[in-house]
């Protein structure tokens, strides 16, 4: 503990690889070419932060519906970058902290992220971090201000930092007038058609071709279209649930119908 | 007391069977096939939590009108599961606590529920726990945030947890945008027709066949339909009350009319 | 003082008969058959609490306009019951207390009401207890929550409790969504016609038959109807006031006109 | 100081005659028969409080526009009553006090008013006492609640108390739903016609008959009516001001026009 | 310091002539006959306070747009009065004070103003003193209440006090319902036509007759009228600014156009 | 450190040149004649503050959309002035400070700016300094009041001060009714046509003439007009980003389309 304090800026200390691995337990399934596009776009931004002569700082926003894979993708891309310092700010760690403590927690994490030559910080679920509740609405404007100020300031010369923030509530950020904190905005989507769904079933080895076709055709019958909108997280959960009921196929179809957000 | 602290994770400590029994004093009367359906659905979810290879966590929501039996059913299903750790978070225990104390009470109960291999936690009456009052509206957003964060995080590897939350205010949870905390949503209903009512009277040995028919036919005369909407809790109370008045049948009919929520 | 502390659960300590007598200084005048109906209905509820095999707890609501006699009737019925423990929670005792102190005052009184085999608790003027002010509106949601939680929980086995709450603002309780705290709701009304008024004058020995007829006929002339709406408390006060003016009959008629709430 | 503390309940201590005299520096001018009516009505209420066999408590409300003479009249009537204990609660004394201090100041004054056999308490300018500000609106609901509770409770047996409250904002008290705190409501009005104004000029020896007629006729020319609405306080001030300008008559006419609230 | 404390009530201590001089650095230019009218009216009020047999207290309100000269005029008239005690309450001195400190600062200054036989107190910019912000709106109701109570109470017998308050937001005071705190209301206006503007240029020795005519005629061309509305403070500033640009006449015309508030 | 404290007012201490240089890392590119106009106008104001015989204080407002260059321009002009004391107040330094600390931070910086004969203070991003959040809206009215009071008061005689404030939310300042704090208001704009964009590309040596023409013509095809609205900051960032993607020209065009705020 005493020694590690001395080593604070070393890669071994900065990277919390184990914890980020946990955030993508369901893997990153390439169920659609859109997944590749997202990955390439973020990688260009990371490349710029690494090598640009003019800018040593970049701030990205990954936004999309709950369960669409924002946290998993941010974690995956951070780990892939091999940057020596990788860390995440999330609401979990701050349960029960007072507002001033939250502010200094956030501020200290940002300061830590100014120490290594190449740093990545994930700010996961901005609305949770600012304690946003839509009724009211309520949120901590103190924490918001601290976060926004940091999202607009560069690290000192010689240090480089890329921040990846996630949100399920893009409209909120717009109303808070903080979209100008981000240099790039990347949308993450739900599975949007039955082909995506088939790919996920296949990639998770669910059922035979016939079973999957049966599921898809039942869904097509109900939806009268191939267009769906189901978060990948929910899809994975449903595929698991149905194994414990009396009639897996019927149950899966039923669960997918209940999960579909398309209207 | 000192010794039991050492034994903290043992089944004998985790289960508060006596207290949960109290929550279902009126028993679980099978006055309709819907009761069985609910029980089977929750049991599938419990089974998944127990055995799934991918997920070690599940979060259910039981919702329905006041007195429809949510707390009793959750208690019944928890006790049936024979899980070694079963506990309930309810507003009663937190009367007069400050917000920070409530947050740590909730957080500590969740942490306890991460210790045994198989854990069940009932979060009873979410709106009471967050001190919700519809005028304002008011509620503790600090407690809400703490609860929601816990409802979204899994226990550590090797531990399994299923959370059963109850609410009488589904719309509130929707407006609070926290329905994404639940993997499954199970509706609990009032008695919905005179046949349900007859079953309850029979199961509680109220009156002769003739007496019951007389009650039902008087109600049918007033309602001009067999459709009703009365919480099982109220039905049981009314059946008891009428025994202490001058004319039980008249009184019961009158009390049921006053209790009917159908419009 | 020291000794009485030891005797805490004994009838002599629990009953505050003197104080409740004060709340019904104007007596309970039977100016209408409705008064008897109210008394019988509450007595049935008290009987149930005393003897029911299933329920050891009941919660009543007496509601009606200001001055209609809610507090007096609740006090009268409590005293009549001869229960060993009778107490009242009212806003008077809590003037200037902080919110946490109010909560523990309420909670402690309820706990006291769990000690004797048969207990009655009057919760007088709920809106005053929760510091309700219609402009805002404002109220103490902390005190409300503490009260509601208690109104929904039974005493331990072997103890029986009936709570009689009063309110002048039924609509408020509806908007607060707390009507489900009550097992029975009993309306208390103003004097509603000139015959009720005549009965009160007679029962308080006001004037000769001729004088009373004169008062009534003057009122009938003004109102063009026998229907009135005047709280019994106001009626009794007016009958007293007019004795100190120059022309009692004219004054009484005038005061009754000003007091009439019918529109 | 030490000795007077011992004499606390004696008339000499309770009466603050000097201070109340200050509140009616402009005297009580009988510029209209309405003034006599008000005085008689309040005197009947005082008489009742003094002698009633049923009631030892009464609570009056004097309401009317700013400067109409509420405080002066309440002070005058209190002093006339020759009650041994007379005191006033007003916002002046409470400047800068915290809310709890205000509550105990009010509560203690009421308790003092329970000590003498006959007590008068003036609660001057209720909206100022509860720190009411129409924008918001804002007010101290804690102070309001303390005041209201006191306004509804009688002194102990053997003591008699009459409370005279004043307000310029009757509508506010209605919206606060506290009019039921008062047993009698007495309206105080502005000067309402030129004859009232002439009486005040005469009673204060302003100008000759001719001068006064000239003022009135100029006003009649401007207003096209004899109906006016000017507070007595403003009238007295204007009569004084005009003496220091170049042309008293013109100035007085001008000042009265600016002060007229009739529309 | 110790000695001066003893001399506290002496003229030399009470008058802060130097500071008030600062508030009228631009002088009092008589650019219109309205300026004289204002001065005479306030002087009559001061005269009344000095000599009235009935009233030892008066409270004035000077209101008008920002920069119209309210503070300068109040300071000028206070200094002219030669009263032994002259002081100003302004928001500057209270930056960063807590609410209770502000209340006692105000209250103490008023108390000081009760000590000398003749006292003047300027309450400068009421909305700033009560921390008014139009969004919300927000303001300190505690400070407001303290101020209002003082504005309604007279000094003790034998002392005389005139208070001159200023505001740029007359409507606010109306909505706060505090206009009844003032015995006289004096409007202060912007320069309202080109002739006023010409007078100010002449009185400040700006340009030759020809230059001024050129400025006025250019403005007349743009405005199509002689009516303008520009605060004297802005006029003086613009006349100064234009001296430092490339083309003074063009610049002045341009600045006046930008400053004109007439619509 | 000890010695420098003694030298506090010397130029070497007051100027934070290094830090202001940081605020204009992208230089001040003269991509349009408007840039020169802005510079000249502010320089006239600085000249007035330096030499005016009447005024020793001036307060400017630079307003315009996010990223349009307000902070860079204010810093550039401050540095150019060669004033001995130059400092900036910005939200960064105040993260996590309590409201009273912010107030004294601001107040102390202003006091420091009263010490040198010639002082410049930049108040950067007023809405950030007052913690403004549009939802609510929320802001610190205490900090606002402190700031506004300072923006309206001159330094003592013999000292001169010019304050340059910046904001992206002119409408907010209008609604807060604080525009009267500023003697001059200077608009800063986005790049507003393709020619401005071409100039920036040229001044930053991006691509050959042909490449730039290709970019412009592609944009013209999409926009159907030469009118654009893109902040200079964004333009510079995009020019950098595109260098790290597969197809710089396509990427730049795409990025500019996403950045264009014209509608």
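Chains: A, B, C, D, E and F, in written order; residue numbering restarts at 1 for each.
In this section, contacts are C-beta pairs under 8 Å (C-beta built on N, C-alpha and C of every residue); 3 or more make two chains touch, one makes a residue touch a chain.
Keep in mind the model is a prediction, meaning the values are calculated, not measured.
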Comparing which residue numbers chain A and chain F contribute to their contact, where sharing over half means same and under half means different, the two sides are different
Fit chain A to chain B (C-alpha, same chain sequence): the rotation, rounded to steps of 5 degrees, is 60
Cα centroid separation, chain C vs chain D, in Å, comes to 34
Whole-angstrom distance, CA centroid of chain C to CA centroid of chain F, is 68
Per the C-alpha means, the centres of chain A and chain E lie apart by a whole-Å value of 59
Check: chain E positions touching at least 2 other chains come out as none
Among line, ring, star, complete and other, the chain touch graph is ring
Output ring sequence (origin chain E, second chain F) reads E, F, A, B, C, D
So, in the complex, the side of chain B touching chain A is made of residues 44-45, 47-48, 51-55, 100, 103-104, 107, 137, 139, 141-142, 144-146, 148-150, 153, 172, 175-177, 180, 183-184
Residue positions on chain B within touch of chain C in the complex are 25-26, 66-67, 91-92, 95-96, 128, 131, 133-136, 138, 236-237, 240-241, 243-245
